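Before any comments, here is the structure.
Here the chain labels run A, B and C in written order, and each chain numbers its own residues starting at 1.
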Amino acid sequence: MFKRSLSKLRLSPSLALCVPLALVIFATWNIPAFAQDAPALEGAELNKAILDNIWILIAGVLVVFMNAGFGMLEAGFCRQKNAVNILTKNLLVFALATLAYWAIGYGLMYGSGGNGFIGFGNFFLSGLDLTTPIDPAGGNYLTPAVDFFFQAAFAATAATIVSGAVAERIKFIDFVIFSLILTAVVYPISGHWVWGGGMLSNIGFLTTDPENPVGFRDFAGSSLVHSVGGWAALVGAAFLGPRMGKYREDGGAGALPGHNMSIAMLGCLILWIGWFGFNPGSELSASLNVPYIAVTTNLAASAGGVAATATSWAVSGKPDLSMVINGILAGLVGITAGCAGVSPLSAVIIGAIAGVLVVFSVFFFDSIQIDDPVGATSVHLVNGIWGTLAVGLFDKELGLLTGNGATQLIAQLVGVLTIGGWTVLMSVIFWAAIRATLGMRVSPEEEQIGLDISEHGMEAYSGFSKDSGLGATVSSHS
Amino acid sequence: MFKRSLSKLRLSPSLALCVPLALVIFATWNIPAFAQDAPALEGAELNKAILDNIWILIAGVLVVFMNAGFGMLEAGFCRQKNAVNILTKNLLVFALATLAYWAIGYGLMYGSGGNGFIGFGNFFLSGLDLTTPIDPAGGNYLTPAVDFFFQAAFAATAATIVSGAVAERIKFIDFVIFSLILTAVVYPISGHWVWGGGMLSNIGFLTTDPENPVGFRDFAGSSLVHSVGGWAALVGAAFLGPRMGKYREDGGAGALPGHNMSIAMLGCLILWIGWFGFNPGSELSASLNVPYIAVTTNLAASAGGVAATATSWAVSGKPDLSMVINGILAGLVGITAGCAGVSPLSAVIIGAIAGVLVVFSVFFFDSIQIDDPVGATSVHLVNGIWGTLAVGLFDKELGLLTGNGATQLIAQLVGVLTIGGWTVLMSVIFWAAIRATLGMRVSPEEEQIGLDISEHGMEAYSGFSKDSGLGATVSSHS
Amino acid sequence: MFKRSLSKLRLSPSLALCVPLALVIFATWNIPAFAQDAPALEGAELNKAILDNIWILIAGVLVVFMNAGFGMLEAGFCRQKNAVNILTKNLLVFALATLAYWAIGYGLMYGSGGNGFIGFGNFFLSGLDLTTPIDPAGGNYLTPAVDFFFQAAFAATAATIVSGAVAERIKFIDFVIFSLILTAVVYPISGHWVWGGGMLSNIGFLTTDPENPVGFRDFAGSSLVHSVGGWAALVGAAFLGPRMGKYREDGGAGALPGHNMSIAMLGCLILWIGWFGFNPGSELSASLNVPYIAVTTNLAASAGGVAATATSWAVSGKPDLSMVINGILAGLVGITAGCAGVSPLSAVIIGAIAGVLVVFSVFFFDSIQIDDPVGATSVHLVNGIWGTLAVGLFDKELGLLTGNGATQLIAQLVGVLTIGGWTVLMSVIFWAAIRATLGMRVSPEEEQIGLDISEHGMEAYSGFSKDSGLGATVSSHS
């Protein structure tokens, strides 16, 4: 129902309150204040605990690697004059997210205090015995260390989705601030509602049987990660307005082609293998079900890529590499919520629909002049929603199309609306506050010259001749 | 002797026959039709089963990552005007292979029905309990899910080898069709002969002792994967003819240098680490022998790289990066068949010979005007054969040079010829059929302008100035 | 205290002496000469042994992947005219290191003979049963195969650090020779002092209690790997002198900007995830402590990146991507020695200080005109030392700031000085010998035209127009 609860962990609120003080006085704070009274694991049980921890660590490493995937994908889809900027954002955002989630986010999402709306406690990983399984008696052998590692990588994913949609015209400092807020506060709170055992993990009005609660289901985060990032991206792109030259006066969309398809394709494949940590790792243990999740994930990605290729080929007359890439990613986002509970054939169908959706979604957002340079909204928001609803349609035990009624589908809809409403509300508040105080967009001159020079004082490809956009060739440093 | 058999799995042919119908009617088909009567595993045995499954999943992820390696390598070795095309092929081929192998290929290779020539059954993964170990009593704890995942990644490898050899002049649709055929039919059938327990796993005329059958040995696929891909690539390259400008009228080979050595080198290293899934994962379980396989693999790759560097340095006067790269890959292909059974020193010798072979093979194919832009034939075909024969020479228990007679060497030769003959025959048939119906080669104008513009309507490096080939500079979009 | 000892392995010195002969006569040598008398492991103990071996294998694969990270990082930070050269060095060095460490290095570091200064034996992995755990009774379940695999990857890391600092002006053959010496002799001997149970693992003058020896502590190699590579790099860069055009006559440092920030950023993220093999894998077993090490590693990297960003922003007015990258790497190097023994908060502090240090270190080395194109000395040497000393300050059980006195800090200082003195001495001797015999630096004409053409006869980015450095555009092959 939800990923896990830290309720078995001993709370140490007085310690948590001393954090700011401790930060100043002792560099070595953070030694748990409680005694270890649980019996030590041994034999096969200890082996299982180690196996769980090592597997989730490896899965987490794959998720961390997704930052390289997003970096290459987004940089490749942008123009070379903004490459340093997008690379810097995608690299720094993982560092920022790690620190913000360590200090605050993890505590708001899984902290041992709190209520159905918000978790509270364990800030800075305080009060946790980081190398002892959380709840062996309850079958949760993960240590808080590996749990934090895996969850922090997820939080960073939500933030990095935003960077693509706001690329090529946002001020660098704005993105830094918004990323900190998103990973410290916004993402953890809605995450708490489902994975932290909060209010969406048991939706009261959908059942009268307290023995069988009906909860919103999102196995690996189609909504909690991808649509959260997607909504924040959409609001950001809307606030910013389109890049100069993107839309013609007659309303058509001009081409601002990406500068490096090689690294974009590499990014797609890195994301693909990263998803084999993202989805199978969300089992949160090593079990015989784990490879099954990899199979549905792989089938949906493949179907998404093939469907998007065919769709773009049919619509525009040629197979467009950027649509192959976005189709694969759409399939991956689409299967993320349901990967553990749908059949292989359903996975193919979910992925194929995602691949079609992403192509038309890109056209749609261009038609309403929301400029998203990398298609992040179409991939992560549209297909995050699709994947979440697909659980209510295709889940083997809960889906409408598998003969289990519409209750779960309604629960999914409730979740989509609740999480979407929350993220949009928070995004509007924080983007508006940033815009009012710092300004959100670079000057037209800076946008023209490119953010690499204006924001970072360097260029990405020194020594290469670039096209001036006027048919002439300009020189760069040797 | 062979990788594993699904013979312990219950066949459900009537279900398999209903597949097309089921596809239309129910999205949720694929629930196994049989009861689970095997006792559930527990304790140390369950741990071992999980360990096997998680390890092979991780190994499979490494093999999937090889698609990024092939993509970067092949794109880097081609010209920039064809980069989008080769990237699209290398990305899409994994999606196509996954779907084709899911629908048909896996069933022809490992299906529970069939005979020594071909497997049959379990199409679309039907009739399999995907999360239950295949044969615990027989020591095979892998679930069908992880087995399919791993094997599908192998099938894709065979197809992706082809893309490099036919690059820069083949029609996109042709490659798509051939890849589907190769992964759905050609590769699975010869694979069945060995890894599926088929006719090459027991070669009758080589022994009179039925207790000790002599079979063709190919631990991880020097022949079954690499030479199959290599033969298909060779036939394709021969059918296509050389690229415009490759060979001068006097018979010499001109230079059409690759456009991006950075991503080519990255591709080589990605392939190198991917091989640590490819070879050690072919143990198909987690055991204490697994790291040994990684050691022989690593030594052969290193020896191949050093030998090719020295050879190219001696021959051409300078250490050529593309030869370092191909030498490493040659060493990897060469050790693939024997990695589990040869000594570390033998691995070094096998790899070093592979590194020398690849250099002269590149010269040889150029001398007969077979134009293979990335050297795929020299790496995968020539060294696939070499590696297969090397088992008969160096295997600690079966090799001629280790004092065990020539029987195994003959078996290896039989396998090389049989698999080669099969693949060449099928490749000739299907390439010829494609050429007769769709045409195989783009027009001279399209080849001149590059496949990126002509086939995909986009360019790989927008915003950079490219050389016209006439000493002048041409401009691209800003 | 030290990583492990091979003392339980039976020595076979006569066999080792026959190696050169055996190389010539038998390709199949290397079968262990001793009988296996240890009882076979079974049940949960066998599972633990397999788990340990598979985990360290995977960790080793991550460390091998770091070669791709170093390659992309160093190539990206250099100019395009030297890209092929640096790529070739970074690729070949792993092959060379593997062979050198197999033949000699592993035997000098961990060989079963020898003394406190040097190990001896097991050259070419002789006399080892490669698939049997080294010392099950002592709790070491690693096989010699996996141990060699992991250690060889570490040796290569030390060598690859050098390549960046001497880039863009060293002769290719010189780097090849120095790498072989470093990985075969220099690195293994100082490694033996600590991880091989040698003289620094028990520093006699620091204690009078023989029951509680005080040893130098370097969990994953801040000193043994990174500072060794860093010292060798510093000596090499000093011997070579700066690149043409780097320093103006008035003493200021000119800009020779890197040519590809996209691959540099990719390299940083590959190194980041590679470090999750480097540090957690140095536990040398699968345990519940492993994820903790990943958490401290990740926090330090993040803090390093943020601190370096802030520092460079404050100092130069703009956030410099190369400083974000080097800050992350500095944090990673800084936590490497102490990752298993410091608190998360201490990890953040160690990383943050590393991030500040690296920025000022880059300025410092430029001020004394030591030209290090990629900042390898600032990242690996300066922060290797800082990380080593940080153990004596922050270790939960041994650090000065955690209330455990200064003894360990003194031990760390002894180690830094001993290892630094050894590496500098050896580097001076071997670089001087190379300079005296082969010459160390390419000619000014070769440096001007670039090492790609002069040393390798090829260019990295054929088909792109490059800037001549004079404001004009030059053409390359089509």
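Quick note on the criterion: contacts are C-beta pairs under 8 Å (C-beta built on N, C-alpha and C of every residue); 3 or more make two chains touch, one makes a residue touch a chain.
No experiment lies behind these values; they were computed from the predicted model shown.
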| item | value |
| --- | --- |
| Fitted rotation between chain A and its twin chain C in degrees, CA, nearest 5 | 120 |
| Chain C against chain B, contact positions shared by both copies (same if over half, else different) | different |
| Centre distance in Å when chain B and chain C are each reduced to the mean of their C-alpha atoms | 33 |
| Residue numbers of chain A (touch at least two other chains) | 43-44, 47, 51, 58, 260, 263, 266, 461, 464-465, 473 |
| Residues on chain A engaged by chain B in the complex (per definition of touch) | 43-44, 47-48, 51, 55, 58, 62, 79-81, 255, 257-263, 265-266, 268-270, 272-273, 276, 280, 286-292, 294-295, 298-299, 301-303, 305-306, 309, 316-322, 324-325, 328, 342-346, 348-349, 393-394, 396, 399, 401-403, 461, 464-473 |
| Complex contacts: residues of chain B adjacent to chain A | 22-23, 26-31, 43-44, 46-47, 49-51, 53-54, 56-58, 60-61, 64-65, 67-68, 71-72, 75-76, 83-84, 87-88, 90-92, 94-96, 98-99, 102, 124-125, 130-133, 143, 145-146, 148-149, 152, 172, 260, 263, 266, 455-465, 473, 475-478 |
